[in-house]
Amino acid sequence: MNGTEARLARIRGRALAKTHNARTIAALASNPGCARRAVMDAAGVDKPRIAAYAGFPAPFGQSRFALARGNAFEAQVKANGAAELLTLLREHLGLPIPQAHYDDLGEVGGNPSLDLRHARTKALLARAAASRGDAGTMFDHPLLRLQVGGRYAFLEPDLIAFQLHGRFHVVEIKSFAVIDGQADGDKVAAAAIQSAVYVLALRDALAEQHIPAEAVSHETILVCPKDFSSRPAAAAIDVRKQLTVLRRQLSRIARIDDLLDLLPAGLTFDLDPDGEGVPRRSPADLAAAIRQVDAAYVPECLSTCEMCYFCREEARGCTAALGRAAREELGGVEHVATVLRLAGAAGTPGAPGGTVASGTAGTPDAPDLAEAAELLRRAARLRAEALHTDAPRAGTPGREAG
Amino acid sequence: MSTLTSLARAVAVAAGTAQRTCTVRHVHVGARPLVFVPLALAGEAGAPLAAMAGADPQAPTLLVVAEPRDRDQRFAFAADLAAVVLRYVEGYLAAEEDTPGREQATRYADAPQLLVPNPAGIAFTRLLGRSTRFRRTEGPYAVPASVPLLGRWLTFFAERAESPASSLMLAATDMLAAHWATGQSPVEDLNLGALLGWIDPPPGMSGAQAAAMAEDPVRCPPAGPATDPTFDNEVLDQRMLAVRTARLAGDGRAYERARAALAEALATQLRPTWALMWRAVALLRGLPGGEHVRARWDADKDAFTWHARHVAAGGPPQPRRDGAVAAARRLAGLERVQEMVAAQRAFDDPLVMAEHRLAGEAFAGTVTAAEPDRVDRGGPRAVLRPRITVETGDEPRADRGATFTSPARPGQQARIVAVTAAGGRTRIVLELRGGMGRSLTPQPGSVPAVGESVSYAAFGDGYQPAPAFPAPEDTPWTHGGPPAPYVPSDEEAREDWS
Amino acid sequence: MTRTAAELAEQATSRILADLGRARRGVVVDSPPGAGKSTLVVRAAAGLAAAGEAVMVAAQTNEQVDDLTDRLAAASPALAVGRLAASDYAPPARVTRHRQVRLSTQLAGLAGCPVVLSTAHKWATVRAGETWPWAIIDEAYQMRSDLLLRVAGLFGRALFVGDPGQLDPFSVVQTERWTGLSWDPMQSAVAVLLRHNPDLPVHALPVSWRLPAAAAPVVAEAFYPFTGFRAATGPGERRVSFRTASFGRNAVDRAVETAAAHGWALYELPGRHAVRTDAEAVAACAALAARVVQRGALSHSERSPAGAPVTAGRVAVGTAHRDQVQAVRAALAADGVHGVTVDTANRLQGREFDIVVVLHPLSGRRDATAFHLEAGRLCVLVTRHRHACIVVARAGIPELLDAQPSAEPVHLNVPVRFPDGWEAHQAMMAHLSQWKVRAP
Amino acid sequence: MLPSVSVTKSVETLERRIVALRAAVREAVLAGDRERASTLRRDLRAAERAWDDALAAAEAKAAAEAGAAAEAGAGAEAGAGAGHADAAADADAVHAAATAAAPAPQAAARGRGSLLPLREQVHEALSLLTVPAAPRLIATVHEAFFGGAFPSARLTSLKRDEERSFRAAPLARPYYICAALTADLLAPARGLLAISTWPMERRVIGSLSPRVDFLTAAIRVAEAVERLPAPVPAARRLLWRFAASIPGAADGAASMQPHEITEAALAELAVHQAADRAARQAAARRAREQLGDAEQLFGTRIGLAAGHRAGARRPAPRRRGR
């Protein structure tokens, strides 16, 4: 255990390290500017637990209906030697009829050990790569690994397909619908970056056996229910952009030391559990520790990070909490209070228009606030003026609506 | 968004309640809108779970699908919803009026209006329309005639919702967020409860507190269509299981009991949103309507009339997706409408105009000099070209030769002749043409007088003609050639609804 | 060096012209910045006309059409050239000076002209009568699919020419209604064309006559990863000298001289978040442009080895936003400098200058929006110059890019756009950092 | 809303309690407090049962007063009782197979009516298919052709029982529901059931075998459909699921012809058969040489070293459908 790992272990405390999976790795790209998140992820901190204990449980949950639908759909397309999937692959990859091999890597000789499965996955893939297509077509439940910040994460793609004279294709099975050829762009994006994680891991696995990266296609195959039915449809997704994003984020994680150096030596998120594992640390104390690491909260975090409610509370009164666009439009000024002071407090309810605005209130302290102040004062003046224009050109009066 | 609205957000944070970003209402709110609050089953595409719908705040209709994965029950739901929606729509097919400016043309005197809680509600409506409008009413997989008809109307509403000029279908969160700025982010504004919390907090509560309360899914169920996962897992799942169990047991009474219990559970998720919707309607009615709102609603009436007659004449349902020509034509229409609406909003509303002034696209000031009788004899014939000088504190992007328009005299063009800036004030000389009558002396009041306070914008609300497009059957080779004529396919009709 | 470049270009051109003869439907030509697009258009038009084929030529703006008209008339004095235009169009001298150019608002008025030029928008108003055997569509990557739809009925076969690296056409309308459709009206004319006619031959012009040797490789790598191109001139063939010495070597002078010596300079202001019209940055842009003129810069090139004066007209300042344009113009006017072109990337497309000052789109920004990251915008800004480009930016852009979340939605059946704006920005910053001059 | 508007105090109090408990459970879940949630959940279920019984009783009473006492009372109890009995089992089945529409009442009735023990129903289905199959398919086949529905979830335990009884008294029964073996390691193939009396060649699974067995099963199902006196929708649905995944088998569910499906399946079989047979014969030979009786039926397992067991937790479950 080198210095960095020891440091991360101390930060994590006695809790078990959260192992990464494709989703958490993909999530690294969602707010790379956030030191708090970077440190917690690198240390394998159980963010949901920490957030909940600090009094801000994550707003995420999943409906068991969605879960059931997802599992059922995957089971359906993989049933009977992945018969439905094979039909799709024959269309999309032009698989010749003889290539109908199906290998279940879910366990090895009745043994579900991850290491065994990983070893066997590598063996079968290498054999397929060396063969002429007669040694494997579909590999179900393959097990890959990817190094994330010094630790290995085991990854389980839905399926890997091998195409004669061609390449390995990562197949991702999702249960959101593709209706008239289109699906929810955010869900597809999530699937794309997860698939990219598998492509990276797959290339690593093959590289160990001196098989070039090109053997893994950057076109992954997304399988979804078609329209309103449960019949599967496939679409190819080019994940080249996602691959560059991931490489970038993984290399940042590897450079976590730069962040750690900025943190107090004793920092830990340990809950100090007693014999029964009941935490003895006070939530307030934990919260204080969390605040030692800077966060970069933006409202987008609300859908991507388990710490979001904690950080949002912390960010109250910051323009960032109003959204990236608002912060930009407010001249990049950090705090709402500053904004209002610079704006000359005009526009606050009841405040008379121009007088206050044009007044000397809010003389900017830092030079770089001068321009923002100018902009905000003008905005405040215009707003106040408009709000106090007596006759807005109202056509039809309220009730019998215009 | 603009610096002005962002500033309003900042003010809202400090004030603890939302701030207005408009002085007038820019959408039409009908006398009897149909409020539609749908819930969907998690994990499935457009699988209806329940809905509350109606035009009477006191008497909503509750629709429930006891087993959403059962195709027949879904179509039963669609038929029930059709009963509500179609009856409401037909209510507007009675009275007609003459279409102004068009000979012997009549249109319906008013149009229906569909209100849903949020954009996701519109998307769900579109899906529901898509999944029902191609259904066959005879042969295999037959459904009641009302089902495909419902699909066509829902599709019509959802498509109109794409136009910034239309009020035929609106999402409450969009409407409210367009008129008020809260102390939270646009992402959080998508939560109807939180948004209303900021705009109209319960007595003794700040907007922030009300919004926080609205985020607790147990006390304030989400406005749908997605339900709260803990509700799915802890309540809904058990209720559905009870229904299924009773049916498998073949026990009619137990089945009815379980069904009623399920309906009640779902009602608890719908009622709060139903109330919020009508609060939103009341708040918007409280604002005076902008001047151009009625004209835009007239266009909505035309669209409604056109579609109603198209359906009546046995026209085909809307295709799955636009063809090349239809897409291009629709885009052109949307672009024209978008510019028109932006201008109209600014002309109707000084607060909106202020955003353009801040952006340098408009200015307001006082007339300091005027030559109302100035005549230009340079050309072949003498023409009336008055000039006025406007002094403003704004900083417009006013280049010589650019043409501006004034809300007060939309028919009149003002060309910038000279611009001089001094001491934070800008003097702008404008040459006027049009809107002054035929003769060489302007009609009284048609030229701004000295001392009058005026505003001018770099855009007008004038109407531009639609560009010409080829007929679909003349689609050129660059765009895939003529499309195959549309024939409803069996596949569309039978497409199983998993 | 130049000769072989010329040969390369000539080979490519003649291959394209040969393809025109064989083309069933049409030919697409990708042209990197300043690669002789107009020359190709003029030669193709003249060639087809000579072969007895009537040609309609469509460009996107009147200015572009006037340029082509001028060059075509000059290239083939015997050719009767028609210039179709709207009623409010006033022909500039470079058009009226050619007697052979006939002007009309109606196609009927141009009967007998084997070549007729106009804007795509004007062409779109022409009622389709008998179709033209040939059309040449210029700046086809800036033309929107729906505009092509309106003119495509007029011609049988077409030559599409344009720069794929520049800004895509855009719409004020935000909708996903047509995403994934092969005829999505918001995509470019070339995109829709190739999705329906994937077998059309696509050529690329291999040599940039505009960009200097210092610029071509980095631009090619950052913005044209798949085709690539080279500069016509070799290292040192393009120089900038000054007739006056610097008064006191301040940062502005050092930046100007660095650019003169190396073809690039990064004028870096202290890092901080700023409003869009960042006064310091604006002042810097104005000062740099002014200094180039005041110091009496001379541009030495294959055209004028002895050196030609870099007048204000040969200098431009490029920005991302219109309010920045306004601010820079004001600043220049205040300095009493006139004639320097200041405009946004959109309006600088297709223009050429000796020295260009660029206000970096990400300078002082806290978040990089899709608008700021768009590869085409940066590409336009850093490819307008024949000699040197000076980029003005606040420190911290690489960090900003690093912290940039990647959360754009992904749509099915929509070809991925390359290069990725993020990658392109990284590449350019990495290159520029070699020529950094820190402002006080 | 509920029939219980006209109802005894107890029901009303129960309802209030249920509402309160539901809120409490969800709050506990949201707060990430699993223990508390599950305790509350138990109380909630109890309350819900009590409420349902109370209502049933009330209705029964009402009915009794109306003079239909015996019949209604019995119905209600049976209903309630049977209801909860299935509830548990059905729950898993449903969550394992969300998209499978719950069986139609009459089918369900027949299922409950079927007197055969589960192992014999499985034997019926497998004998029709003549190849190793997964519980889901076995259940569907049985429902389609033998009119008995059973939650496929119940089959998972079946194999274990069979192995136990075999090891207790080897070959005491005419046949056992046993495992199919993976060709490479002769381990039990995940989720496949077979019949002990089948030749080993049929029970070992090479990498082509899943496809070969799928095609074979398709042919058997097609034949069975043709033998049916009257068309059975469930059977045709099943056959269509096969046909849809066989090139050239059929254009649509309505128009498909069993014999055409058979021909298409045979055509593809011809491509795979030789390679598959070779692999299976080799594996079968190894199995017969290397394995004892029990292993030949239920397979061998690579021993789980303690370390492996520890490392054997699956990667974190992946969220679905989001």
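In order of appearance the chains are A, B, C and D, and numbering begins at 1 in each one.
Everything below uses one rule, namely that a contact is a pair of C-beta atoms (placed from the backbone, for glycine too) under 8 Å apart; a residue touches a chain by one contact, two chains touch by 3 or more.
None of the values given here were measured: they were computed from a predicted structure.
Compared with chain B, the chain whose C-alpha mean position is the greatest distance off is D. Here the CA centre of chain A is 36 Å from the CA centre of chain D. Our note on geometry: chain A versus chain B, Cα centroid distance of 32 Å, whole angstroms.
A straight line joining the Cα centres of chain C and chain D is 65 Å long.
In chain A, the residues that touch at least two other chains are 61-62, 64-70, 175-176, 181, 230-231, 300, 331, 375.
Shared contact sites, meaning residues of chain D that touch two or more other chains, fall at 29-30, 94, 98-99, 320-321.
Interfaces, counted as pairs of touching chains, are A-B, A-C, A-D, B-C, B-D. The touching residues of chain B, counted against chain A in their complex, run 1-11, 13-15, 19-20, 23-25, 28-31, 41-46, 127, 130-131, 183-188, 215, 227-230, 232-233, 236-237, 284-294, 297, 320-321, 347-351, 353-354, 357-358, 407, 495-498.
Listing the residues of chain D that touch chain A in their complex gives 29-33, 94-100, 134, 136-137, 182, 185, 187-190, 207-211, 213-214, 217, 242, 244-245, 247, 268, 271-272, 275, 299-304, 308-309, 311-316, 318-322.
Chain C meets chain B in the complex at residues 25, 124-125, 128, 145-146, 148-150, 152-153, 158, 171-173, 175, 177-178, 181-186, 189, 192-193, 196-197, 322-323, 326.
For chain A in complex with chain C, the residues that touch the partner chain are 29-33, 178, 181-186, 188-189, 192-193, 222, 235, 237-238, 240-242, 244-245, 248, 252, 296, 300, 324, 327-328, 331-332, 368, 371-372, 375. The touching residues of chain B, counted against chain C in their complex, run 162, 321-325, 327-328, 330-332, 334-335, 338-339, 359-360, 397, 467-470, 474-481.
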